[in-house]
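Okay, so subunit A shows up in both of these, paired with subunit B first and subunit C after.
Right, the complex of A and B next:
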C-alpha cells in the first residue's frame, strides 16, 4: 500500500532525477578545493563507480514494486527493528533537506537579498515547498521536464557566452594529485549528489513503469544529470582556472564574467533564477520524502496532515543548526559522506542481498 | 472560499514581502565606478580614494554644462580596504555601492610593496565583482581621479572604455582581479598588469597614456616594460588580433599592421631537463605606410619587406625574452606548459624554475605573410621623399 495515491509517469520520474542532480551542480565547491582543476575527471570516475548503485536501486524497486524504501525495511527487519532503522533514514532525510534549505538561502542571500533575515528566506522556502508537497507527487513533478530543459539551455548558453574566456589549458594537468584526493573526491560525489538519489526509492511505488523501464529511466536520469554536472564543472574550471577551488559558488562567479558587448552583461540573474527553481524542486522532493517517511514510521493513512508540522520542524532546524559556508563545506567534505554513503549505497545493497538470499519480495511480486 | 483565502494571502504577501530589507533606493547610493589605492605617508596606512557618479533625476534635452561636475571623489586613510569602506560609509550621507565598480587602480608604490593584501577584500566581498579591471599608475593612483576627461562622465569610465577598446586588439591589455589572482595561484607563471601614466599637460585632451606593463613576481611589481619590450611581450604571448610596428631600415621606413598573431612554443628537453625553447610566431602583416624603397621593383620589394619584418620580429622577441630571463620571471607560461602537460617533470623543476627559465636557450621562428599593400600597387614617391 502506498500512502500517496497519485501516480506519475516513468518519464516524469526520469526528469525528476535529472533536476535533482542539476540542482546539486552548485555544490561543486564540495570537491573544488580537494581535487581542484581535476574535478571534472573526478565527476566522470564518480559516476562510473556509481552506475552499479543505479542498477541496484532499480533491482530493489523491481523486487518490491509497490513498496517504498521504508516499507521494504519494515518488511525485511520487522516492525520494531525496521522502524528503528527507518528513524535513522528519517534523520538522514531531514539533514539533507536542511542542508539544501541552507544552500538555497545562502545563494539567495549572496546574490540577491543580502540583508533579508535568514528566517524570512527559510520561511518562504518552507511555505512554497509545503504547498507543493501537499498538492501531491504529480503536481510536484509535473514541471520537472520544463526545468530540465530550462537548466540545460542555461548551461549551454553560458558555455557559448563564456567561450571567449574559456581556457582549455586550465583543465590540465591530470593525474597529478595524490591518490587519496581522488578517492576523497569520488567518495564525496557518490554521497552528494549521486547517492542522494536513494530518496527516489520512496517515490518509485508511485511511478507507472515496468521492470525494464525502471532500469532505463533511472539510468537515463542519472546519466543525463551527471552529464549536466560534468558540463558545469568543466565550464567552471576552464573559466576560473586556479581560482576554482576558492569560491563558495564557483558557477556564480563564472556567470558573472559573461560580457557580450555592453548589452549582455550581468546575466547571472538567469543562473540564480534557474538555480532557485531547481533547489526548490529538490527541497520539495526531499520534503515530500521526509513526510512520507514520518507517515510510514507512524503508520499514518494520510501524509498531508503532517506536512506543515514537518515543515515547521525543518524551518526551526534550518535556522538553529544553520552553519556558515565553511562549516557547511567541511561537513560535506569530512563528516557527512561517511555516514551518508552507508545509508545511500551500503544499506540498500544489504537490503537487496537479504531479499535475494531469503527470497523476500513484495506480496504482489510473489503472487506473479 | 479556499481560493479566496489563497488569493488574499498572496496579495498580502506581495504587499508585505517585497524585500524591504534589501531595498536600495538610488538616492541613497553612492555608485562607485573606480577605486584608487596609494601608500600613505603614515607607515602601514593606505590612502583609499573612490570615485563615483552623481545620480540625479533624468532630464530631457541636451546635456547641461553642470553635467561635467558629475564626478565625486571620496578619500580616506586606513589600514585596510574594508576599513576604508566602513569609514567612508560612516562619514558620507550615501552608502557606497560597489556592484558597478569598473576599475581598481594601484599606485606604483603599492604595487611594488604587496598587491595581494589589497586584493583579498575584492575576492572575499560579496559586493565586489571579480571581473573588475586592474591597472597600475606611475606615481600616485589618485591622480587619475583628478583628470579632466571631456568624453566621459569621469576618469574611470574613460579608462574602462579605453581598456575595453584596446583589449579588443590585444587581449593582454585587459587584466581583471580574477585573472590576476588566477595567475598568482598558477604554477610556473608570473603576471603582468598594464601600466598607465597621467598626462599633466593641461592642453592635451588625452589625459592618460598607456606606457607598457608592470611585471610582477608573485605579488610584487619588480619591473616595468615599455615600447619595444611591450611589443615583444605581445608577440611572444600571441593570441593577438592586431598591433603595429614601424621599422626604419637603410632603404626607407615601413609601417606594418600585424594581424592574427599566433604563437607556438616547443620545449626541448635533455635528460628531462628543459634546455631550449623554440617559439614560432605566425603573423599576417599588411603594409600601412611605406616611404623610400624606390630602388626596388615590386617583386623585390615584397622579398625585402618580408626579410625586414622577419628580422625585426626575431630582434624584438629575442631581446624581450632575454630581458625577462634577466628578471627571472616567466610571464610566457613556459613553466605552466610543463606543469600542465608533464606534471611529473614539473615536480623536479618547480623549486628552481626561475633559474632554469633564465638559462633557457631561445630560438625565434617568425612566419610572416604579407597579405596586403593597401590600395596602391606601386611605390608612392611623387616628390622623391628621402
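Right, the complex of A and C next:
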C-alpha cells in the first residue's frame, strides 16, 4: 500500500532528480576548500563511482515495485527491527531537511534580507513547503521541468556572460594534491548530493514507469544533474582560480563578476532566485519524504494531518540544532559522509543482497 | 513575526480539528511527538541556547576513534 494517492510520470521523476542534484550543485562549497581547482576532476570521478549505486537503486525499485524504502525494510527485517531501522532513516531525513532549510535561510539572509530575523525566514520556508507537501506529490513535482530548464538556462547564460573573465589555465595543474584529498572529495560528493538520491526510493512506488524506464529515468536524471554540477564547478574554478576554495558560496562570487555593460551589473540576483527555487523544491521533496516515513512507521493511512507538526519540529530544530552553514559545511566535510553513505549506499545494497539471496519480492512481483 | 506565528498556529488548529472531531488518538499522539520537542527547542531558542547537533556529536565520537578526515 502506498500512502500517497497520486501518481507522477517517469519524466517528472527524472526532472525531479535533476532539480534535486542542481540544488546541491549550486552550493559547491563542500569540496571547494578540499580539492580547490581540481574539484571539477573530483566531480567526474565521484559520479563514475556513483553510477553502480544508481543501478542498485533501480534494481531495488524494480524488485519491490509497489513498495517504498520503509516498506521494503519492514518486509525484509520484520515489523519490530524494520521499524527500528526506519527510525534511523527518519532521523537521517529530518537532519538533511533541517540542513537544507539552514542553507536556504542563510543564503537568503546574507544576500537579500539581512535585517529579517532568522526565525521569520525559517517559518516562511516551512509554510510554503508544508503547503506543497499537503498538496501531494503531483503538485510538488509538476514544475520540476520548468525549474530544470530555468536553472540550466541561467548556468549557460552565466558562462556566456563570464566568457571574458574565464581562464582555462585556472583548471590546472591536475593530480597535484595528496591522494587523501581526492578520496575525501569523492566521498563527500557520493554522500552530498549524489547519495541523497536515496530519498527517491520513497517516491518510486508513485511513479508510472516500467522496469526498463526505471533504470533509464534514474540514470538520465542523475547524469544530467551531475553534468550541471560539473558545469557549475568548471565555471566557478575557471573564473575564480585559486580563490575558489576561499568562499562559502563560490557561485555567488562568480555571478558578482558579471558585467554586461557599465549599466547592467550585479545580476547575482539571478543566482539567488534560482537557488531559492531549487532549494525550496529540494526541501519540499525532503519534507514530503520525512512525512511519508513517519506515516509508514506508524502505519497511517493519510499523511496530511501530520505535515504541520513535523514542519513545526523542523522549524525549531533548524534554529536550535544547526547553527549556521559554516557548521553545516564542517559537518558535511568531516563527519557526515561516514554516516550518510552507510544509509544512502551501503544499507540499500544490503537490502538488495538479502532480497536476492532469500528471493524476497513484493507480492505483485511474485504473482507474475 | 507574530502575524506569521499566528497564521501558523491557525493552520495547525485547523489541521487538529478533524483529528479531535474523529477522535484519531494515534494521529494526535504522533502530532504531539513532534510538537512537544518542537516547543522545547523553541524555548531553548528563546533562551539563546544552541544545542550541539547529533551529527556533530557523532562526528566528535568518530574523530575520537580515528575515523575522520
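In the analysis below, the second predicted complex is superposed on the first by the 368 of 368 C-alpha atoms of A that agree within 3 Å, B and C clash if a C-alpha of one lies under 4 Å from a C-alpha of the other, contacts with A are read in each partner's own complex, and residues count from 1 in each chain.
Basically, a contact is a pair of C-beta atoms (placed from the backbone, for glycine too) under 8 Å apart; a residue touches a chain by one contact, two chains touch by 3 or more.
The structure presented is a predicted model; accordingly, all values stated were derived computationally and were not measured.
Chemist: Once the shared chain is lined up, is A:312 touching subunit B (first), subunit C (second), both, or neither of them?
Modeler: In the superposition, A:312 touches subunit C alone.
Chemist: Does the superposition put A:240 against subunit B (first), subunit C (second), both, or neither?
Modeler: first
Chemist: More residues of subunit A are touched by which chain, subunit B or subunit C?
Modeler: C
Chemist: Please indicate which partner A:169 is in contact with in the superposed arrangement: first for subunit B, second for subunit C, both, or neither.
Modeler: first
Chemist: Go through the superposed model and pick first if A:334 touches only subunit B, second if only subunit C, both, or neither.
Modeler: Second partner only.
Chemist: Just subunit B (first), just subunit C (second), both, or neither: which does A:124 touch?
Modeler: So A:124 meets both subunit B and subunit C here.
Chemist: Which partner chains sit in contact with A:253 here, subunit B, subunit C, both or neither? Use first/second/both/neither.
Modeler: first
Chemist: Between subunit B (first) and subunit C (second), which does A:153 come into contact with in this model arrangement: first, second, both, or neither?
Modeler: Neither partner.
Chemist: Just checking: does A:320 make contact with subunit B only, subunit C only, both, or neither of them? Give me first, second, both or neither.
Modeler: Once the two structures are laid over each other on A, A:320 reaches subunit C alone.
Chemist: Touch test for A:115: subunit B only (first), subunit C only (second), both, or neither?
Modeler: A:115: touches subunit B, not subunit C.
Chemist: Please identify the positions on subunit A that touch both subunit B and subunit C, taking each partner from its own complex.
Modeler: 117, 120, 124
Chemist: For subunit C, which residues count as touching subunit A in their complex?
Modeler: Result: residues 1, 4-5, 7-8, 11-12, 15, 18-19, 24, 26-27, 30-35, 37-39, 41-42, 44-45, 49-56, 58-60, 62-63, 67-69 of subunit C touch subunit A.
Chemist: Write out the stretch or stretches of subunit B touching subunit A in their complex.
Modeler: 17, 19, 21-22, 123, 126-127, 129-131, 178, 181-182, 185-186, 336-337, 339-343, 346
Chemist: Using the touch rule from the top, collect the residues of subunit A that touch subunit B in their complex.
Modeler: Residue positions touching the partner: 110, 112-117, 120, 124, 169, 172-173, 175-176, 240-243, 246, 253, 256-257, 259.
Chemist: Which positions of subunit A touch subunit C when the two form their complex?
Modeler: These residues of subunit A touch subunit C: 91, 95, 117, 119-120, 123-124, 126-127, 130, 180, 184, 187, 294, 298, 300, 304-310, 312-313, 315-317, 319-323, 327, 331, 333-336, 338-339.
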